[in-house]
Amino acid sequence: MATKTTRSSKHDSAGGRKAVGVDADRKDRNLRRLRRIEGQVRGLQKMVEEDRYCADIMTQIASVHEALRAVGRELMRNHLKHCATSAIRSGAGDADAMYDELVDMMYKHSR
Amino acid sequence: MATKTTRSSKHDSAGGRKAVGVDADRKDRNLRRLRRIEGQVRGLQKMVEEDRYCADIMTQIASVHEALRAVGRELMRNHLKHCATSAIRSGAGDADAMYDELVDMMYKHSR
Amino acid sequence: MATKTTRSSKHDSAGGRKAVGVDADRKDRNLRRLRRIEGQVRGLQKMVEEDRYCADIMTQIASVHEALRAVGRELMRNHLKHCATSAIRSGAGDADAMYDELVDMMYKHSR
Amino acid sequence: MATKTTRSSKHDSAGGRKAVGVDADRKDRNLRRLRRIEGQVRGLQKMVEEDRYCADIMTQIASVHEALRAVGRELMRNHLKHCATSAIRSGAGDADAMYDELVDMMYKHSR
């Protein structure tokens, strides 16, 4: 999948696929979320180092899962508005590839 | 839940609940996993900053979820062997509280 | 949500919202899957009645979850191709409502 | 796993593994839940036959997932109290097999 390119993504010089459009406020929110998640993961390391009670660590892990899902939600919303819409409006071939990708993302992400 | 204490957990001077036993090799594996997860989360920040393609970011998020579950698995295995076993062998009252806690952990963690 | 109607759904006389298009082969596959799931659920009743071993029942429950996800996948694929595409092509208002609905479906279904 | 037997399960004449103990009220609750789930699955068949709107069918699927988890929760609670406790109290070998089985059930069921 990493090498597939549709009109809804484009490559930069470094070879990574790019989004066709990103809303600035969504991007800011996601960066803030990811910095908070980084802090939570360092907190988890400290809890494991200190032999903290397992149920308390598991509660913290569940909270990281939840925070990651909030990032995914924001990304998906942006993806649908920009990349998916661009593919779906451009016509049948790109649209079909996009439907398959979206269903895969839904079920890969749900894990 | 954070204030409940059974014989299967004990408090240190800082007030955090402690595990009754932690296998050294499990602890090492989990610390290594959590340091790798921290790196993955920083990688996610970079991807968002660079407006990378949403499906590629989602793939990376799915991989962090998977890595967190591996940490949870290791913790649960240790918890059952030490804390849960200690509570279950000690008798009816502690055992009942432990069953409830384990079922909660299962379903909280599965999210 | 049950009362919201966009151009991508229509009501019949009984008041239930309808899909704008359904591929016949997808529909057949899903009906076959759902009849198989009904049989699995009756099998679960029999296992519980016979006091079968919990781990064996849980394995069967996991298999029903998996089969339901296969139904959901097929539905989503059809939804994107017909209803979502119709809304997204029709313009900004309907498209925005559809994006929100899709993200909700992703995350509601992932539970 | 289906053929492994510990002291915490026993076989009947038909070869299926049995639980070592089942609380009558938990069993009744689970049978009622499973009959309701069977009705929900038949409702899903009707919705698919009538080409109902995808988001409405997905909402119903999510509700079946949730109902199945309630069955699993009840089963796990019973399993911990009877089968797991019996294995854990009986000693090291059976206890170790039980820990592994419990962790597998947690993570298989979480899918």
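Order of writing sets the chain letters: A, B, C and D. Residues in each chain are counted from 1.
Everything below uses one rule, namely that a contact is a pair of C-beta atoms (placed from the backbone, for glycine too) under 8 Å apart; a residue touches a chain by one contact, two chains touch by 3 or more.
Since we're looking at a predicted model, the values are computed, not measured.
Asker: State the chain with the largest centre-to-centre distance from chain A, centres being mean CA positions.
Answerer: D
Asker: Where the CA atoms of chain A average out and where those of chain C average out, how many Å apart are those spots?
Answerer: Centre-to-centre distance between chain A and chain C: 23 Å.
Asker: From the C-alpha centre of chain A to that of chain D, how far is it in Å?
Answerer: Measuring from centre to centre gives 32 Å for this pair.
Asker: Please list all residues of chain D that touch 2 or more other chains.
Answerer: Within chain D, residues 76, 109, 111 contact more than one other chain.
Asker: Which of line, ring, star, complete and other names the graph you get from chains that touch?
Answerer: ring
Asker: Please name which positions on chain A make contact with chain C in the complex.
Answerer: It comes out as residues 69, 73, 76-77, 80-81, 84-85, 88-89, 95-96, 98-100, 102-103, 106-107, 109-110.
Asker: How about chain D: which of its residues touch chain C in the complex?
Answerer: Checking each residue of chain D against chain C gives 1-2, 9, 12, 16-19, 22, 27, 30-31, 34-35, 37-38, 41-42, 44-45, 47-59, 61-62, 64-66, 68, 71-72, 75-76, 78-79, 83, 101, 104-105, 108-109, 111.
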